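Just below sit the structures, each encoded as structure tokens.
Below are two complexes that have chain A in common, paired first with chain B and then with chain C.
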Partner chain A sequence: MSDITGPGEHTTRIAPPPSAMHERRKPKRSVWSQRLRDRLPGLLSFAGFIFLWYAMIWIFDPDPILFPTPAAVWDAFIEALQDGTMVPAVTDSMYAMLVGLTLSLVIGIPLGLVIGMSPTADLLTSPYLWGFFAMPRIALAPIIILITGFGMQTKVILVFLSAVIPLMLSCKDGVHTADASLMAAARSFGANKLDLFGRIIVPGTLPFIASGIRNGISRGFVGLLVIELTVGSGGIGTEVMRSMRQFDTARMFAFAGVLIVFAMVLIGISRRLENYASRWREDVVV
Partner chain B sequence: MSTTSGMNRGPAVQARDVVVEYERTRDKTTLVALEDFSLDVAEGEFVAIVGPSGCGKSTFLNAVAGLIFPVAGEVLVRGKTVTGPGRDRAVVFQDYALMPWRTVEANVRFGLEMQRRVDKDTPAKVARYIEMVGLTGFEKAYPRELSGGMRQRVGLARALVTEPDLLLMDEPFAAVDAMTREIMQDELAKIVATTGQPIIFITHSVDEAITLGDRIAVITNRPGRIKEIVEVNLPRPRSRASRQLPEFQRLRDHVWDLLAEERPARAEAGLVPEVTVPLGTDRLDGRGADV
Partner chain C sequence: MSKAANSVDGLRDDVVRLKGREDQRRRNRRIYTRRQRRIIGVVNLSMFFLLWELIAVYSNVPQLFLPSFTDVIRELREMSAEGILWGNLWISTWIYIVGMIISLAIAIPAGLAIGGISILDKILTPYVWAVYTTPRLILMPLILLWVGINDTARIVIIVLSAVPATLVVVMEGVKTTDTSLLKAAQCFGAGRVQRFRSVVFPATVPFIATGVRMGVSRGLIGLFIGELFTAANGIGYIIATSSKTFNTGRTYGMLLIFVLFCVAMVGLTQLLERKVSQWRAQPISA
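And then the complex of A and B:
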């Protein structure tokens, strides 16, 4: 994860004159030693984490059933892989996330842009959007369960509902930041309304869309977990709950760890996306 | 593209008794930016417009560009009433108005794209104009990587590459430093000597107006009208040395005297501009226009 550029890192760099660009990379270290160097802080911190974990056990000496050692968690992880519970749980959660997010992108982005373009639509929808945004989507879980049952559908719907609202709000706000002088410049060259939308508003909104996607992912993830943890509809969260009920804390920690990795991957993807969409910006939105 | 209609003997631009009004967004009252504004620009002529802050200089330029419309009177470009932007005109903006997500090259190409004129010759043409403004080597740079002066060079290339028959420049060098400004004035004079189209050039620098202009239109306080048109009969090319000429100094004194009479009644120059919307346009067309 450490090779993800932090926000702002690429924005402070001044472009070298093009003639100097070829000489910049030298002297070249081997790719692998460079990678190791990049990852070293992350590896060290992980080692430190494991050490602290053992230290806690040594100091407080808890009941192994309540607080397992890292080795026990690792064993439980391998076991879950071998007995065929890990892979289906991960794919199940991933599937719900992917479908829910895709739906929210396909519906949320165009809808958000349109609402941003039309002051009337904005006035009509804003109270509902913000109301929805303020309300924990979890509160909707009971009624969704009532309608769609305990399966995949429910998870997808909650991921969708959780992700689509922040996404729409970001798109709408992005449209509102469209630069009046860019619009005037485009019009002076004869741009029609479609040009203004496609060439000025949408490109200018991309960083907002990207940060909307980031928000959507993190909110969608919460929505997913709520269903998985409470309803037992399958997926990583459900395995965490099942392990807990069986007092198999090592296994529970193993699944919780997978959950963390899962979340980190999602965040990594969305940060890359956001950095890419914002690469031309002078100021950085984190 | 009206190179042929440019052949007629009439002036390139005629503004006849133009009135432009804005609506103040705060209290919905009307603000008259231009009143009975009349000005002719001849073919090949460089007209510099100076006037107090908020006098409607930019408003006039936007009316010629076809970005806003007069409520009375009319603006004619080569005999035809302006009904909107057109390929025969190109604007260079004070704040550069470059797309930050486009590279230099892509920004220069932008006007051609909007005018649906991109073809196989476009890359060569774009390269030629990038060279003309001295930005060769920076084709792939983003605006954020450029200095103010370089950004305005991009703005100039973007306008010139469409080969307009009329160039409209709205305080193009107001935001660049003094040294860059002088260099850019020099280069602009050289470039327009080769391209030859008439230019309307808004500025608040009297020296810049005298250095570049064939004539200087001095505008009154708001509502803006022509106060006086001053002929500049200085030999070209004009350089920094020209500023030592007695004639230059006489013109400078004269224009300053005219401007001094138009000192804003209130201390408007220091105030934040009012937010206004040109009358008769919708949101997509003219938000937050500067009066």
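And then the complex of A and C:
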């Protein structure tokens, strides 16, 4: 069953595989060429995407208000950089995102671990966690806006709420999958509850925490954007909405593109983290 | 197994882990009996509502922020009498179901195709992951621009939210098919179509169920956002407008209904998932 998880999968990402043959042939450039080769499908598909974009404009010839060319979007991006709307929007959004995420990490991970450790806590909290998990947290946005207004605070709270639930559930599940035989072994060697927690449960849960963080980021973006798009409290979403109202589609694409790049970078970082956290787990997970 | 997919995702592990942890969780949770769990659950929830009532009535939190539970119930009754409740619930359910049927009709075949046909896999996988990773919510204004503000836009938003989540899981599910089974089938002279129908597809069924559950929960986000932006009816619309008119009793009431709606949807799909994966869990763990 080990081929399911694909043992080579993580190592290719962290370091190029140390294949002796390969290194002998190209002693110096191997790392970079390997890296380039890993990126090649991504780069190619990006080029293909731009090509497809132009092709569609060439075939359908749409109104530029509905569908601008990549060049127009690039111009709009440069213009937004120069007139000083891009940088504050990005910093605004990212600040809310990072503060909300940090809060959710600080609160969500310990809570999730504790809930996972104690069956009673699990039983008591599960209806609420379950309800919160099933319901999109953004449904709470109207009430939160009512209480805290339109500012940065609201964004942070919504990012926090959106991110913390998947994170907690992920931690909880991680604790539940802790290997029972390892626990039994540790217990028979005289480990107390704290030892069990620190030595077995936390390391075992690391990959789950990491994947929870990744989920939290992608959910957090939803929370952030809902506030920015609906109430116009600054940030990238607000700029996108403003561009749309002025029918400046190229500018809208530019801001959306920037957001997408940031999301990808954040999620890329969290993937690295995840690979790093679960690198030892390969052969433990059946 | 394309390199591109490997370099972008840690998610294949996620999917596999997801399958494993369901079994493990059931094994770990044998401390309370079913009956005890049910009783504690009921007591727990009623304590929650009681506490809510007490805090709302006897503390200094303004009623605008936290209406009492009885107020909320009264408001719900009133809405039911006015016909607001059932009409909007019906519309939301209807739109949601149409959106989900369209999403699944796109996502499952596409996932099977991309996972099963290696050329499609090589070409499309980077795009699929890119779309999966981006916060698609930022495209919201674009959809309004292209589709207009109407019910179709709502359905489009649901489809956009749900399709990538389901597709990714199905696609990865196809790739996890046991290669030894495939080889055996090939040795016994099974053709491409036959192999797909009698080996790959049954092995993928549990993943499809998981994918459906993911899609359903993402689709709920889409539903709410759609109603927030475009609708003049539906649950989300009532939640948003009643909070704008400071009728928080109504907001909380509708939120309660929405939570129940979401729990019902996600619970149903989880039941389906459990049913479907039962046959698969046995041969592996045995």
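Heads up, the rule we're going with is that the second predicted complex is superposed on the first by the 247 of 286 C-alpha atoms of A that agree within 3 Å, B and C clash if a C-alpha of one lies under 4 Å from a C-alpha of the other, contacts with A are read in each partner's own complex, and residues count from 1 in each chain.
Rule of thumb we're sticking to: contacts are C-beta pairs under 8 Å (C-beta built on N, C-alpha and C of every residue); 3 or more make two chains touch, one makes a residue touch a chain.
On a predicted model such as this, the values are computed, not experimentally measured, just so you know.
Under the clash rule set out above, the superposition-derived model of chain A with chain B and chain C shows the two partners fitting side by side.
In the superposition on chain A, A:Pro203 makes contact with chain B only, not with chain C. When the two complexes are overlaid on their common chain A, residue A:Val240 makes contact with chain C while staying clear of chain B.
Which of chain B and chain C touches more residues of chain A: that partner is C. In the superposition on chain A, A:Pro119 makes contact with both chain B and chain C. Look at A:Ala180: by the touch rule set out above, it reaches both chain B and chain C. When the two complexes are overlaid on their common chain A, residue A:Phe189 makes contact with chain B while staying clear of chain C. Across the superposed structures, the minimum distance from chain B to chain C, using CA atoms, reads 7 Å.
Touching of chain A by both chain B and chain C, each in its own complex, is seen for residues 119, 180. Here chain C touches chain A in the complex through residues 1-4, 6-10, 12-14, 16-17, 20-21, 24-25, 27-29, 31-32, 37, 40-41, 44-45, 48, 64-65, 122-123, 125-127, 130, 133-135, 137-142, 144-146, 176, 179, 217, 220-221, 224-225, 228-229, 236, 239-240, 242-244, 246, 248, 251-252, 255, 258-259, 262-263, 265-267, 284, going by the rule given at the top. On chain B, the positions that touch chain A within their shared complex are 62, 65-67, 84-87, 89-91, 93, 95, 97, 99-102, 110-111, 113-115, 137-138, 140-145, 162, 283-289.
On the side of chain A, the complex with chain B involves touching residues 11, 14-15, 17-19, 117, 119, 179-191, 193, 195-196, 199-200, 203-204, 206, 280-282. Here chain A touches chain C in the complex through residues 1, 3-6, 9-10, 12-13, 37-39, 41-42, 45, 49, 66, 119, 122-124, 127-128, 130-131, 133-136, 138-143, 145-147, 173, 176-177, 180, 207-208, 210-211, 214, 218, 221-222, 225-226, 229-230, 236-237, 240-241, 243-244, 247, 249, 252, 256, 259-260, 263-264, 267, 271, 274-275, 278, 285-286, going by the rule given at the top.
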